[in-house]
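Notes follow the structure.
The letters A, B and C name the chains in turn, as written, and every chain counts its residues from 1.
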Amino acid sequence: MKKVLVMGGEALKNQAKGPVTKHVLKQLADHPPPEDIRTIPKIDEERCIMCGTCINVCPTHCLGIEKDNKDNGMIWILRPQCMWCGHCQTYCPKDAIHIDQDATLSYTLFSFNVRQDFDMLVAKGSFKGDVADKKLQELIEEGGKKLKEIEEFRG
Amino acid sequence: MTEYRSRFRSLTDGSDAPEDADHHIFIGPQHPWAEEPAHFIIHLKGERVVEADIRIGFNLRGIEKAMENRTWRQNVMLVPRACGICSAVHQNVYVRVVDRLAGVEDQISERARLIRMFSLEAERIHSHILWYGILAHDAGFDTMLHITWRDREIIMDIMEDISGNRVNYSINLPGGVRRDIKPELVPSVRERLKKLRKQVEYHRKVFAEEASIRNRLENVGILTKEDAKKTSPNGPTARGSGLPYDVRKSFPYELYDKIDWDLIYYTEGDVLATTLVRVDETLVSIDIMERCLDQLETTQGELLARVKPRIPAGRYMARAEAPRGEDVHYGIADGTDTPERYKIRAPSLGNIDATLKRMDGEYIADMPVILRSYDPCFSCTNRVMIINENTGEKMILNQDEFARKAIKAKKYNRPFF
Amino acid sequence: MSAELKELESILNVTLPEKLVEEVLKVEEGHFDVLCTAKNAYDLMKIFNEEAGIYHLSTISGIEKEDEFNICYHIQHRIEEEIREVPINFIITKVDKKNPKSPSMFDFFVAAEYYEREIYDFYGIYFENHPFLQRLILPERWPDDVKPMRKEYSWEQVKEITMKITKESLEDK
């Protein structure tokens, strides 16, 4: 009988305190991530000269470019493949690409879809608007085909 | 050398076991984020181990072949992914090989070298605290696991403020470092290091004086100095057996010869000696970090020197002291912007022979502690299968049950089965 | 060349006969390269191990050039009084590509067993008198005659073989 009383008392106390996850969320809110945490790249349109250095230095080949001989072009990124390393920021000659300006991206960025989550980072000059949208659709479709191949392989 | 030849048996069915063994055990390969997931085959007679053998190769990713397709600049970010916990050390050795081959070694400023040393020592601290927490869990003392891993959060928060990431710091680049330690962060870092030092001194008191841990670790798996000389272990495994060699003292790199610090070694050779080597090294690392911060206040310099994408022909071998031992890289360049051959040897591969020698003649209940002592990382998803050779019956245990049976056997002095 | 040979002899306190050593190079202060051919390698390593007292082997790496293989043993000479190490890269040159063979150093260094098995897996070099030369790292179903680190296999070919053996093992279950 005494055991039931003790256990009942503990159960009521825990009910009153609320779920433990509340305390975890409060602790996360008290210690936000630092201001210059590394996240995915963002390009400043004014400064980019479409030289292609960031494409050559990326270790995971997640950036892609299409341009013509003048200053027009577009750059896209496959977001889940980027490993937040920062080489594009280190080697850009015009300091146009940054990975540590938006700290909220570090806990809001998540994607299960590893082949189709493309994003157009910048589109300049004659490549703005329709051309960029069409290219994005093409990339997403190609990614869908690769997904299908993998599903068939797994059987 | 015939005692080492008797270890070579055929691989997994155990059909040609030694004559006086009556069981054999597999300790299986699946465990996440270890440098060396391994499959151990242990032959037993009653409770004592007669022989032990190993199979490795479950984590082969082909990094050396992949590095030949990428440029030297892209490989700076591929190399730290060779290991989860010692990522800063692998990147540091790679960057030193590239610095030397490109000829920019003298242009690296003192400030960049001090920041590199800071990140290396921070990594040593968090790796050692992780290791002795899991060792306490294997020995049955779960409270120490929770206490030590709570204190490990202090060093992870410090490095997140400085480098932006908790584990893969990626600060080293050929020619210097990528980020600076801002002066307004330094007071809070110093305060947190003081708090960490008090906690680690408490951990040392527990490991050295608490009777229940000493009972599990003392006089278990003794590796004598002659055996250590024959099997060439490296790192804290060797320093626990009386070989006082540390790459930071014997072939110094990166200003380790300009800062004053002590070399730790013990001569007893059992598992308690390797544990105390690592706990004391954590305290020494906190010292080195504080001295680096002191010297950073007065040195200025540029952070990154320019290195061209094409590296002239040559070859160079560089080593560093990772938390687990001695890390060797050997790079050959041929004038283009991709490497011709790059060889990496992670430190745990060299300690396997010494660990198998430690197991001879020990009880089966000491196996988890001995396998943990050279610092691999088994985790909850491996399975232990015990086959009785006479009757053919099988019994499957997983990691937690294996450890619990071992704890009960040692505590009450009872047989294992 | 002979100045560096003399310096190495004075550090190790041993005499190295000229006919065994092909060349000695100095990489930096306290770091040497010793080159020799496959016929003389065993005798030279015997001098290093038994007379000079070198007992620590760090690793062994295999290198492929256009018409030969090279095998490099990274050994460390330890000076007890000063706690100093002198790394020596012992490079065996002119290992024939069509029939690669080399003497095994298991008698001097027990740790050489794993590293030589790894080179046999990846390059196909056969080590004579090795007690247990079997597969170490490659998976079980990997075909025996494909040695992946050789330059004749590109990354795509290796990837194809991996996918093939994965598919076979999935179908077996």
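The definition used in the following text is that a residue touches a chain if its C-beta (ideal position, glycine included) is under 8 Å from a C-beta of that chain, and two chains touch if they have at least 3 such contacts.
Just so you know, these numbers come straight off a predicted model, no measurement behind them.
Relative to chain C, the most remote chain by averaged C-alpha coordinates is A. The pair of chains sharing the greatest count of C-beta contacts is B-C. Averaging Cα coordinates per chain places chain A and chain C 44 Å apart. Averaging Cα coordinates per chain places chain B and chain C 24 Å apart.
Centre-to-centre separation between chain A and chain B, using Cα means, comes to 32 Å.
Contact with two or more other chains is made by no residue of chain B.
Of all residues in chain B, those touching chain A in their complex are 70-71, 73-78, 157, 160-161, 164-165, 170, 173, 178, 304. Listing the residues of chain A that touch chain B in their complex gives 31, 33-34, 36-38, 56-59, 83-87, 90-91, 100. Put simply, chain B touches chain C in their complex at residues 1, 4-5, 8, 56-57, 60, 62, 64-66, 69, 229-232, 234, 244-245, 247, 249-251, 263, 316-317, 319, 326, 328, 330, 332, 341, 343, 345, 349-350, 352-353. Only residues 27, 30-31, 55-59, 61, 63-64, 72, 74, 78, 83-85, 87, 89, 106-107, 109-111, 113-114, 131-132, 136-139, 148-149, 155, 158 of chain C touch chain B when the two sit together in their complex.
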